[in-house]
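The following pair of complexes shares a single chain, chain A, combined with chain B in the former and chain C in the latter.
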Partner chain A sequence: MLAKKVKRSTRSLSKQKKNTLFIIGCVLSGFMVLLILISFFWTPYSTTTMDAACKFAPPSLSHIMGCDSYGRDIFSRILEGAGTSFLIAVCVVLIGTLVGILTGALTGYFGGWTDEVLMRICDSITAFPAILLALVIVALVGGSKVTITWILGVLFIPSFARIVRGEYAKAKELNYVKSARLMGASSFRIMFSHILPNAIPVLLPAITIGFNNAVLAEASMSYLGIGVQPPDASLGRMLAEAQIYLKNAPWYVLFVGITIVLLILGFSMLGEGLQQKKR
Partner chain B sequence: MLEVKDLRVHFCSAPEGHDAVKDISFSVGDGEIIGMVGESGSGKSVTAMAVSGLLPMGAVECSGSICLDGLDLLNCTQEELRCRQGTDLAVVFQEPMTSLDPVMKIGPQVEESLRIHTKLSAKEQRAAALAAMAAAELPDPKGIYEKYPHELSGGMLQRVMIAAAIISHPRLLLADEPTTALDVTIQAQILALLKKINAECGTSILFISHNLNVVRKLCSQILVMNKGRIVERGSTDQIFYHPQEDYTRRLIAAIPTRTHWLY
Partner chain C sequence: MKYLLKKIFTLIITLLIVSLLAFLAFQVISDPASAMLGTSATPESLAALREELGLNRPIPVQYFQWLTSFLQGDFGTSYSYSMPVASMIAQKLPITALLTFFSFLIMIVTSIPLGIFSARREGGLLDRSLTVINQVFMSIPPFLLGVVFTYCFGIGLKFFVPGNFVSYRESWTGFLEYLIFPALAIAIPRIAMTVKMLRSSILNQMGREYVRTARSRGSTKDRILTHHVLRNAIIPVITFIATSMAEIVASSIIIEQVFAIPGIGVLLLSSINNRDFPVVQAIVMVLVLWVVVVNFIADLLYQFMDPRIRLD
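After this line comes the complex of A and B, so read on.
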């Protein structure tokens, strides 16, 4: 009796917990996305106009996050930087998911040599340390927003492909897939209109986690100077800039750091919430 | 209509291989209901898989021929086979709970074979699906059309499967233990439904079961399988009242009777 009661109370507790996680994630990432969307059309100040009078101005009512070494408004630049990082991360995840779904579907559904060839290619991509590989490619073709989007996109393919492959390998033995096959459905139709919708609950948390990793990867590459090039702002670049002035303007590095944390925290909570919701 | 000749299915997985079905021949005529009985592992489901084209082609070798209206299903192209599946040949499985896509509504799943093989408009498909669902004696087809599989009971789902199978008026319905997962009252209803479909549409049925009582109610001809071979064949009365083979006799003796209920 008591055990039952305890079990029930823990269950309701965990249920409550996962809901709050999901809700906080939604609110936080929704808020960040909203700010970023606004920044595409409007920022408080121009992100490139320099104002010598405001150099290293501390946070005040007119510049809520202060100004940087050129007297540019940090809040506006953070908005623009977050927008750049966000766009790059979205494109990276888009490339990774689309190609990953295609690869995972083909390898998981057909198996055999398709599986061997494509998965070995994925293995060889994962075998290289991501940042190092990116560094080499940037050295060869030159760094820009587009280049690092493609590089990171390709590097993200294997993780999605592996998840999708597992789902497809599992699903192809299930009866509903067999009965679809018996109705004469083509492999393409079975893969994308029957199995894919069933794989989405697994894919969704992977996408949010992948998004986080993409934001971090972009930030670290830009921090190293191989990602987004000046005068474009990106969170990683700004962090690199800000650390030089750690003594003169500590709020600069603080605000950039907090923005990265908030952006990632929101999406990772969202992902965690989704994963628990699935269970 | 369906002519199976010298069908042999060989599984290559074991070192020396294993013949699951050994040179069986049988035919199903127009409008006939043929029962195939046998214990687990006797090769009846493998036969069904071979006829429906579900055998994993890498792992098995088939020889002989399976002719459906003159087309040899074992030696035709994948494309030819797909054209027949869902139009001339439909299959109802043992477990209705897992045979439907869990994230798709019932209606589109019933329409699936029309979507694949015909160019009917969405409205016509919907009308055909509702008609098939009514023919499968589902109460309130319009309501069920919008439901998901988990909202229905096992018996209802089996009716949905039957509706999906008969929507394109197949010539042959392959029923692989369709009543095994259902309770006895629902079993009787499903059997009556299959009989009605056979009588009204002239659909031939190859009915596979391990349950002799079920087969007896439904089928005109019975094939008894054991260890991959057909050991006896004949009309239902012949099999039940004058079994020739020892194995058939033992199978009939194994039907539970009232005396068995005592313990």
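After this line comes the complex of A and C, so read on.
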């Protein structure tokens, strides 16, 4: 009786939540991505022009987020910074997913000792927080937009590889794969045109989570001053800069912070919506 | 017992692999001799220093020497401060350890009751608002919370003076007071994630057959929750809490920078910027040891909490 009631109520709640989460996530991340895409071609002000007259100007109609210590328009700079952070995160996820799919597919489909060894390596990499490992590698090779993209991209491979491997290990025992093999399809064809489409629904939520982790990792590293280097703007670097002027221009921190949170929130809701849709 | 031995064996292997990687990265690739001499290096002085440091010897010999002295507590000498690295770390380590421990404590103490509460009132107004709040707080990076706390509680309400760190050597109460907000900034996103996990884990268990059986025997809902469900629901959460420990260490490195707490994180960053590799190497080894040992304990705890899992 109770169990039934509980079961029903969880079902109805998740059903009702799935739609709202997914929709809000779509709208929010769609809005952020749209703003970022526009900013690649047009920003309200130039991000480098300094205007001494509006140094630390509070938000107003002409500068909707106010101005920074050099009198630059904060809104334009946030758009530029968000663009950099977004591009880095997209590249990181791309590297992670593509290499992850390749290694996960090969190890999951063929198994054997390479599978065993590669998965142990993945286990040990994922045991450590990505930021910690990235810090160490940056110490050796130096930080810039390109290096941190590669470092984070490589560090994100295991999480994708593991998911893909699980799907492939499961799928290779299924009837559709067996019959494809009987029909003489090559391993390559089975892996990428038969199994891969079935692994995508599992991969999608992982991609959104990975995107969020990438935004977070890049922002943290840039905040610490070892990620994106000037003159490139990034949300993390801007937050570190805004913190210095916390007393003079508290809205600077506020707007940069809200941008980071909205970017992450949108994609995390999207990911969760996708995950619940799958069930 | 066999399981324990196997786990200890893998623990040692992992540490050896990490130490080898750290050695190769910082002693072989980074070339300590030229890093020590900097721009004043001449080919002759470089060769002399290499001879002195024993860098001409075969790499396995060097690794073995480095490892034995490392195990004896000799972590080398800092390039920039010409101080033994071990004493530099020993000064900073307690601060970071206390900060992580403090945030871990806050996380456990608040998230478990909140998770149970939220699951208990599933679908209620409080549960629903908590779920929304969780979703938002999960998306706030700890360093951003730190900056917001600095503004609200430091500059605004004057609960603490930003940057005015009090060492535990001077005053324990002042030290803990200064650590409250950094610890909260680290803990809050983690609390949100743990509450969410525990809630869904409890709800998942609530739909099981054994709950119905217990209910039919006349147990109350609360009794079922505390005596039957919680034991099962907590198991997946333990693994999550263990990985949280590693994440908390990573966050505390960043948070130290936000609140100007002179711990391991600040030392690590300044060493990275100064290219002071012996310090970076030693800190990496200490942090890795920390993370690996925590994961080891989590594995054992996991076994202990769920005797059904016998992985040997």
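In this section, the second predicted complex is superposed on the first by the 261 of 279 C-alpha atoms of A that agree within 3 Å, B and C clash if a C-alpha of one lies under 4 Å from a C-alpha of the other, contacts with A are read in each partner's own complex, and residues count from 1 in each chain.
The rule is short, and it goes like this: a residue touches a chain if its C-beta (ideal position, glycine included) is under 8 Å from a C-beta of that chain, and two chains touch if they have at least 3 such contacts.
Predicted model, so just to flag it, every value in this text is computed and none were measured.
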Q: Once the structures are superposed on A, label A:Leu246 by its partner contacts, choosing first (chain B), second (chain C), both or neither.
A: second
Q) Is A:Tyr176 contacted by the first partner chain B, the second partner chain C, both or neither? A) first
(Q) Under the stated touch criterion, which partner chain does A:Gly184 make contact with: chain B (first), chain C (second), both, or neither? (A) first
(Q) In this superposition, which partner touches a larger number of chain A residues, chain B or chain C? (A) C
Q: Once the structures are superposed on A, label A:Ala219 by its partner contacts, choosing first (chain B), second (chain C), both or neither.
A: second
Q. Which holds for A:Leu106: it touches chain B only (first), chain C only (second), both, or neither?
A. neither
(Q) Looking at A:Ala89 after the superposition, I want to know if it touches chain B, chain C, both of them or none. Which is it: first, second, both, neither? (A) neither
Q.
For the complex, give me every residue of chain B touching chain A.
A. 52-54, 58, 82-87, 89-91, 93, 95, 98-104, 112-113, 116-117, 161, 164
Q.
Residue numbers of chain C touching chain A in their complex, please.
A. 14, 17, 25-26, 29-30, 122-123, 135-136, 138-141, 143-144, 147-148, 150-151, 155, 203, 206-209, 211-212, 215, 221, 246-247, 249-250, 253-254, 257-258, 268-269, 271-273, 275, 277, 280, 284, 287-288, 291-292, 295
(Q) Help me check something: in the complex, which residues belonging to chain A touch chain C? (A) 1-3, 6-7, 9-10, 13, 124, 127-129, 131-132, 135-136, 138-140, 212, 216, 219-220, 223-226, 239, 242-243, 246-247, 250, 253, 257, 260-261, 264-265, 268-269
Q: Could you pull out which chain A residues touch chain B in their complex?
A: 112, 174-176, 178-186, 189, 194, 197-198
